[in-house]
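Can you keep this structure in mind? I'll have questions shortly.
Chain lettering (A, B, C and D) follows the sequence in which the chains are written, and residue indices restart at 1 in each chain.
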Amino acid sequence: STSTASHLPYGRSTDKIFAPYSVYKGKAALSADPLLPTFSKLESGGLKVDRRGVIMLTLWPAIGERKYDWDKRQKFALSATEVGSLISLGSKDSCEFFHDPSMLSSCLILSNAGQVRKSLSIKAHADGSGYFISLTVANNVLKTNDRLGVPVTTAEFAVMRTAFTFALPHIMGWDKYTNQRPQSANLS
Amino acid sequence: STSTASHLPYGRSTDKIFAPYSVYKGKAALSADPLLPTFSKLESGGLKVDRRGVIMLTLWPAIGERKYDWDKRQKFALSATEVGSLISLGSKDSCEFFHDPSMLSSCLILSNAGQVRKSLSIKAHADGSGYFISLTVANNVLKTNDRLGVPVTTAEFAVMRTAFTFALPHIMGWDKYTNQRPQSANLS
Amino acid sequence: STSTASHLPYGRSTDKIFAPYSVYKGKAALSADPLLPTFSKLESGGLKVDRRGVIMLTLWPAIGERKYDWDKRQKFALSATEVGSLISLGSKDSCEFFHDPSMLSSCLILSNAGQVRKSLSIKAHADGSGYFISLTVANNVLKTNDRLGVPVTTAEFAVMRTAFTFALPHIMGWDKYTNQRPQSANLS
Amino acid sequence: STSTASHLPYGRSTDKIFAPYSVYKGKAALSADPLLPTFSKLESGGLKVDRRGVIMLTLWPAIGERKYDWDKRQKFALSATEVGSLISLGSKDSCEFFHDPSMLSSCLILSNAGQVRKSLSIKAHADGSGYFISLTVANNVLKTNDRLGVPVTTAEFAVMRTAFTFALPHIMGWDKYTNQRPQSANLS
């Protein structure tokens, strides 16, 4: 009896899951899905978070009625702390995050730093009926400056808050700390 | 050693679960249970949500003291966003959802569109002591117009809010994104 | 390869778990732990909740300094809806539940109905700094009337609220609705 | 077919997990991670919590720009009730916990009691924009008195609140009470 190679070495499924939460609006669409952390095995036998997980937001523009251009998508990876900021927003609150992807890149072309800048803004509607989420991407090399924005209702934001709250311990890797399945020891 | 056919191809148990949350009141009864999404396998090896999950509400009328007629039940399938709306209702808030099941049907008899219309209303009691949940189903073909309503206490609504909050990531398929069970890699 | 008899027929571990949350105060102690539902297998192959789960509260009296008499314990089984009431209590709210265990007993000695009555009261401190939880058990047969009470701080109540919120879907049986473990299909 | 020794006798993974949530500030750094309870097997076949779990906070000082001295770390183990206190803090609230580790030690050198005292203070910023978390450790034997403090933003505290709320049932051992995995009975 063998189990097939359905796991990465340290317990992560190889099957990529596609279950984004998406909202389609007049000028653009927005989707969100979690990206789990990776773990590396320590010589001591333990598992250590290697690369932190994120919640990936993707926005892409409308190019006609109910038509959207996926090729023009822009992404913004929310860290655990940025997720914490988002899920604790009051109905009148706003927040903004700034990323400079080049600074985080593993290819160390330092001169690239600052050449692509992203900012994500979440701004409450004045009447508390939802938020406007907009993503600005400035690329100094390509001389482009994209801005994509999506209005999100209170109900849609409640889905995001609930799903992000669920996902947060998973992107932190805390779901690996678990006592579940006392019966495992009896599998033989 | 083999595992019996206890799973759908992509990890979903074949055993249907019956664990509805039900409340029985004077004129009707209400029950709620989650219906999980289905997944399809991509050629790349990933899993993609095929049909979104819902929380299914069922209402059926009383026909005597503590007697209810299950044959006259009406159903309303709450989407993720409608669940988001419900779980974020304040104690004085109300909301209403409209469905036109024919428009969503896979059999493309377009002339049916609009012939069955459903609306679900959740209305706060004036004193904040709970909600009145009512479902109206208008069938233009059968010339019927059913209305079923159930008062729900704050405590009962708290159960629904908590259980729906728990279920929401599951009907979205987000519970498939998980790092759990580091020990799996050692099953051999 | 076989799995040992570590499960009840329908997926419940046989190992009873003892992990109560307990608070010890001057006149009595209080503990809480969940009791899971039981399921029966339908001929169709599905699983149906048989007996609903509860959160069991146990109170027992102090009989000296840091000494408590477990033999004099009294129990109160909170239903899902009563748990809903408890976890949605505001810091100034109170609630009370009444049980008549004889009416629920499976031995149909109807004349017993009403001979043992229990009531559980959760009363907010006037200053919002916690609650007083008291259990009254009146036994008309034994002519006894026990009352046990425990003050609970805001922090202790927060533990109960969080743990009960976690446990609620489990005592309802909703944790059986799950998409987890996509890798299962690959066990062979 | 055998499962390797990937579990402690009673269902706990042997792999130690390292996935702390850390914040690095000017004068010190703070990290938090859960420490699960241990269980002992009863003769009756049940499992009983042996040693309660905690959330371990670790603070260690900065010794230069972006340099921190891990050797000078101090730890504070939050009990379930202290976690309850932390996660229910309002944005203007503060709390303080006192530990006397010697009193809890299993080596019964009573004269040590009181010789090491720790206190953890969580104080809201006046403007509600976060908290200041500080740990004081007074060692009467070594004649030392360390104080480490870290300002925590609202977003960072939201991560802690969400992750601690997730972890609380796990450190209590309540995640062992579970109905999940109906399919288990079919593994053969």
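The working rule: contacts are C-beta pairs under 8 Å (C-beta built on N, C-alpha and C of every residue); 3 or more make two chains touch, one makes a residue touch a chain.
In this text the structure is predicted, and so the values were computed from the model without any measurement.
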item: Of all other chains, the one whose Cα centre sits farthest from chain C; value: A
item: Same vs different contact residues, chain C with chain D, by half of numbers used; value: different
item: Whole-Å gap separating chain B and chain D, where each centre is the average of the chain's CA atoms; value: 38
item: Interchain centroid distance [CA atoms averaged], chain A/chain B, Å; value: 27
item: Numbers and ranges of chain B residues touching at least 2 other chains; value: 1-3, 7, 15, 17, 37, 47, 173, 175-176, 178, 180-184, 187-188
item: Interfacial residue positions of chain C with respect to chain B in the complex; value: 1, 37, 42, 44-49, 80-85, 87-88, 95, 165, 168-169, 172-185, 187-188
item: Chain A contact footprint on chain D (complex, rising order); value: 1-3, 7, 9-12, 14-19, 21, 23, 33-34, 36-37, 39, 47, 153-159, 162-163, 166-167, 170, 173, 175-176, 178, 180-181, 184, 187
